[in-house]
Amino acid sequence: MTARWFSAAADDELTIFERSKPGRRAFAPPELDVPERPLDELLPASRRRAQPPRLPEVAEPEIVRHYNRLSKRNFDLDTGFYPLGSCTMKYNPKLHERVAALPGHAKLHPLQDPARAQGALLLMWRLQEALAEISGLPHVSLQPSAGSHGELTGVLLTRAFHEDRGERRTKVLTPDTAHGTNPATVTMAGYEVVKVGTDEHGNVDLEDLRAKATEDVACLMLTNPSTLGLFETGIEEIERIVHGVGATLYYDGANLNAIMGICRPGDMGFDIVHFNLHKSFTQPHGGGGPGAGPVAVADRIEPFLPRPQVVRRESAPANGAGRVHYDLDYDRPKSIGRLRGFQGNYGVFVRAYAYIRSLGASGLREVSEVAVLNANYLLARLRRAGVLEYLPAAYDRLCMHEFALSGAPMKRELQIKTLDLAKRLLDHGVHPPTVYFPLIVDEALLIEPTETETRETLDRFAELVVQILREARGDPELARQAPHSTPVRRLDEAAAARRPVVRQAL
Amino acid sequence: MTRYTSVTDDDLREMLAEIGVDSVDDLFADIPGALRLERQLALDPGRSEQEVYDELRALAQANVSTEDEISFLGGGMYDHYIPAMIDSIVQRSEFLTPYTPYQPEISQGGLQAMFEYQTAISELTGLPVSNASVYEGPSAVGAAGYVAKLEKGRRRFVVSPALHPHSRETLATMAGGWGMEVVQASLAGGLTELPELDEDVSAVIVQQPNFFGVVEDLEPLAATAHAAGALFICACDPLPLALLKPPGECGADIAVGEGQSLGNRLDFGGPSFGFFAATEALMRRVPGRIAGETKDVDGRRGFVLTLQTREQHIRRERATSNICTAQALNALAGVIYLSWLGRAGIVELVELMMQRTAYARTRLAELEGVSLLHDQPVIREFAIRLDAPLERVIASCREHGINPGYPVGRDYPELTDCLLVAITERRTRAQIDRLVEVLGAAVAANRRSTEVKA
Amino acid sequence: MAEPSYPEDLLYHEEHDWARVDGDSATFGITWYAQDALGELVFFDAPSVGAAVERGQSYAEIESVKAVSDVIAPLSGEIVEVNEALSDTPEMVNQDPYGEGWLVKVKLTDPSEAESLMSATDYQTSLS
């Protein structure tokens, strides 16, 4: 069986270094138009390197051909379905690339005088306002570069908040379903992680939370819906418990796609929210970034926001009318400081802003409605097809925008694991769902279709899973040896980790 | 239906029936009534593609970009020429839209590109292990600080005052969470001078070339750091590494830096990428994704994300970093750019910039009322002091369509009326001459004193 | 090692570690169950010779491709030898967890602690 999405190029792709030949070149410098001074005069030999870096020596056509051929060894979202739970792989509108490339945005230097970057600052201001409205928290910083960067910002904001009140707390609570970035962030922010359990309905265990929510706890990090794709029905009680001990409530916005225009984390009582602009707001994933992770906070956290903040100022009326302009405000005495250089990933803001303007209020609400509809529909189709007998839903509830299945029965009865099912899906030109996460589900499969998929795509996915299960009953080896038809087959990850080769030897 | 969704009325009816509910609203039954939004979000209605385009274009036109003025701004990000080839490759769906390569069998394009990028960064920095990118320069310094903290466990960082102000601030913000202190060394004639180091320093951090464009003498600084048992971290500008002795050969344990100069847009400060390279000994502490070479079951060469046990998705609270999404697409632009420049080209490019920078520096220094802040070697950036109010000089230059540089007084209050001037390959001799002419006239018209040069 | 194996002459700790006691010295390692759960091992983050180990506390980390695990000391003592071969071939722990895959040799501080460890039979029972 051939996967139709990739065109079979050569079996073994050379690296760009292997294509090099001494003397070949793609670059020609502009003409030297100033008097040439001896190198030794400008840069003493003691500071100079003996040999230039051994970069490739290739002409332009070969570079283009090389990277084009490499691209054809990649599966991608524009080509096929990515039901990756927790990732929100929705369509990336092409308009966004056009507007992001406008020179007024793309060629704007970050240290340009704010008076001459009013378009950029206005765009950031409006994006902040929109994110504030979507989250229900009024004060936004666009600075963090990704979700985990936003998480670090949020926990450092919490630290500053407590220290400002003269309190030193040492612990942060995270559910056992938390994404790995949450506990990693907690340690990076200098706190101790305490795990809170999940009950039999897939909600945070309120008893366990009550026991662990002491006055030594700085914060509870939560996402809602959870990483199981389930709405925390006890969220109002959670808020009471956490605020009751003076801790802050942090919202990991990875699952925002389920609730835009439906409900808001600010209204649930969260103090700090981070957004993943590369999830709900269509910044393309780029094979691992860039993204952006802005934060929105409640009034009591506002003083600690990173520096600088984009602000709106009104100058004194010169002749009757005050002039509104936008600025970068550095005068923030209680700010936690900076988390990165300049203002953040502005190119990502341009795309996210274009998306919000394209969809508007009703469009964003529809995004969440269809995301949740699609997930429930897919779950229902899988149930009707009998798939859930081998891959039962982890919790027997209406899901939100994603749902978790357990591959444990499939492993027992058909002798194929979640990993094997995932690899067999690759042969059918579909990216597998998220596997082995959340950790509390055995042989987990986390499926998030998103709202931009058609019903036909979802039907086909269900049929593929049925087919793979049926095939496994007859011959489990097909899945266990899968994939068969991709540019490479299963790779020896143990060897790669034991004796890592992380660069080309030259 | 929005233009990105496909649910018709027929679809909706059948899908609701399949699920077994009456309406979409029923799907949100788990949400307590009190939390349901009873109104529309207070956002403008959605607009057509062309209306959104028009708005974004109007916003773009309200910015003065490097196409609208002759810019000598530097300070961490630079106006370089980006070859057309880069966009034609990175805009391909196969590079733009895939997810992180957790399924390596269908991600060999991205993984191999990471491997090639890692090789190129290793060559530039002279260190054997590079990761596949972090966010950008200043947070890369923070990430390196975290590795030093994990490795050494001591209470302090000693940093050069000429480490980029944003890097120093970012490190300080992050170090606050670790209960660590950031202490500044001193600067003499533009070069970093370290104080006596005790046994409580986890790392010494300097920048090469430093914020003022000055080329530091790294080896003695590294030796001092190591003698005190501290790590030596070098934040470096990648293009000058074509000529400069790489940090790895000067004793750096970790080299990080801002990658924007390598084929990435200015984009008002981001997205770009940060690079992170380290010694073999620190390999298992390096943050972020690392692509490694291996073989598949049929013996084909292939690439995978390796040493994943360092990372948050496995090691969780004990991870070497919390980083997940990084800057893969920007790093791809970086390796394409480095391939385009090539081994000979990168040297030629940087030598060209250095010659033009020397020319600009000489001509500006000859002006009455203008003096160089330092007389150390520089590559493509240097600082000058004006004997005139900076605001007026800048305003005057602006009227002539020139942005003369960055006022460093914003970050170094003692350096009033000082400008950081960057010369990239985009600045021709004619443009430099124009700068000299216009700036010279502006200084002359606004002189504070009447001193003349000998 | 493909089939579960729990040699009779060893003592076992509930965190899936074994001890081979010889007077006031012992050799430690991880059980078949532990190496099977972790998968193919890729890295043993060994402690230093001379380091103290405490019964029930972690003294090292062991890694597979997709997991990291603390290694728990079944008994208290001081490390006198570390299995250096594992830095080249950590997979030895999978292949021969009780022989060539030993992790450390320890001089015991309190040999009587061995009385609290399980026999092979009791350990196997605890696994089901």
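Letters are used for the chains, namely A, B and C, taken in the order the chains are written, and counting of residues starts over at 1 for each.
Going forward, contacts are C-beta pairs under 8 Å (C-beta built on N, C-alpha and C of every residue); 3 or more make two chains touch, one makes a residue touch a chain.
Please read these numbers as outputs of a predicted model, since none were measured by experiment.
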Worksheet item: If you average the Cα atoms per chain, which one ends up farthest from chain B?
Response: C
Fill in: More contacts between chains, A-C or A-B
A-B
Worksheet item: Where the CA atoms of chain B average out and where those of chain C average out, how many Å apart are those spots?
Response: 45
Worksheet entry | Distance from the mean Cα position of chain B to that of chain A, given in whole angstrom | 20
Discussion item. Roughly how far is chain A from chain C, centre to centre by C-alpha average, rounded to an integer in Å?
Written reply: 39
Response to the item:
Note: chain B residues in touch with at least two other chains are 308-309, 314-315, 318
Worksheet item: Where in chain C do residues touch two or more other chains at once?
Response: 42-43, 63-66
Item to complete: Mind pulling the residue numbers of chain A that touch at least two other chains?
Response: 493, 497
Discussion item. Help me check something: in the complex, which residues belonging to chain C touch chain B?
Written reply: 42-43, 45, 63-68
Fill in: In the complex, chain A residues that touch chain C
436, 493-494, 497-498
Worksheet item: Mind pulling up the chain B residues that touch chain C in the complex?
Response: 284, 308-309, 314-315, 318
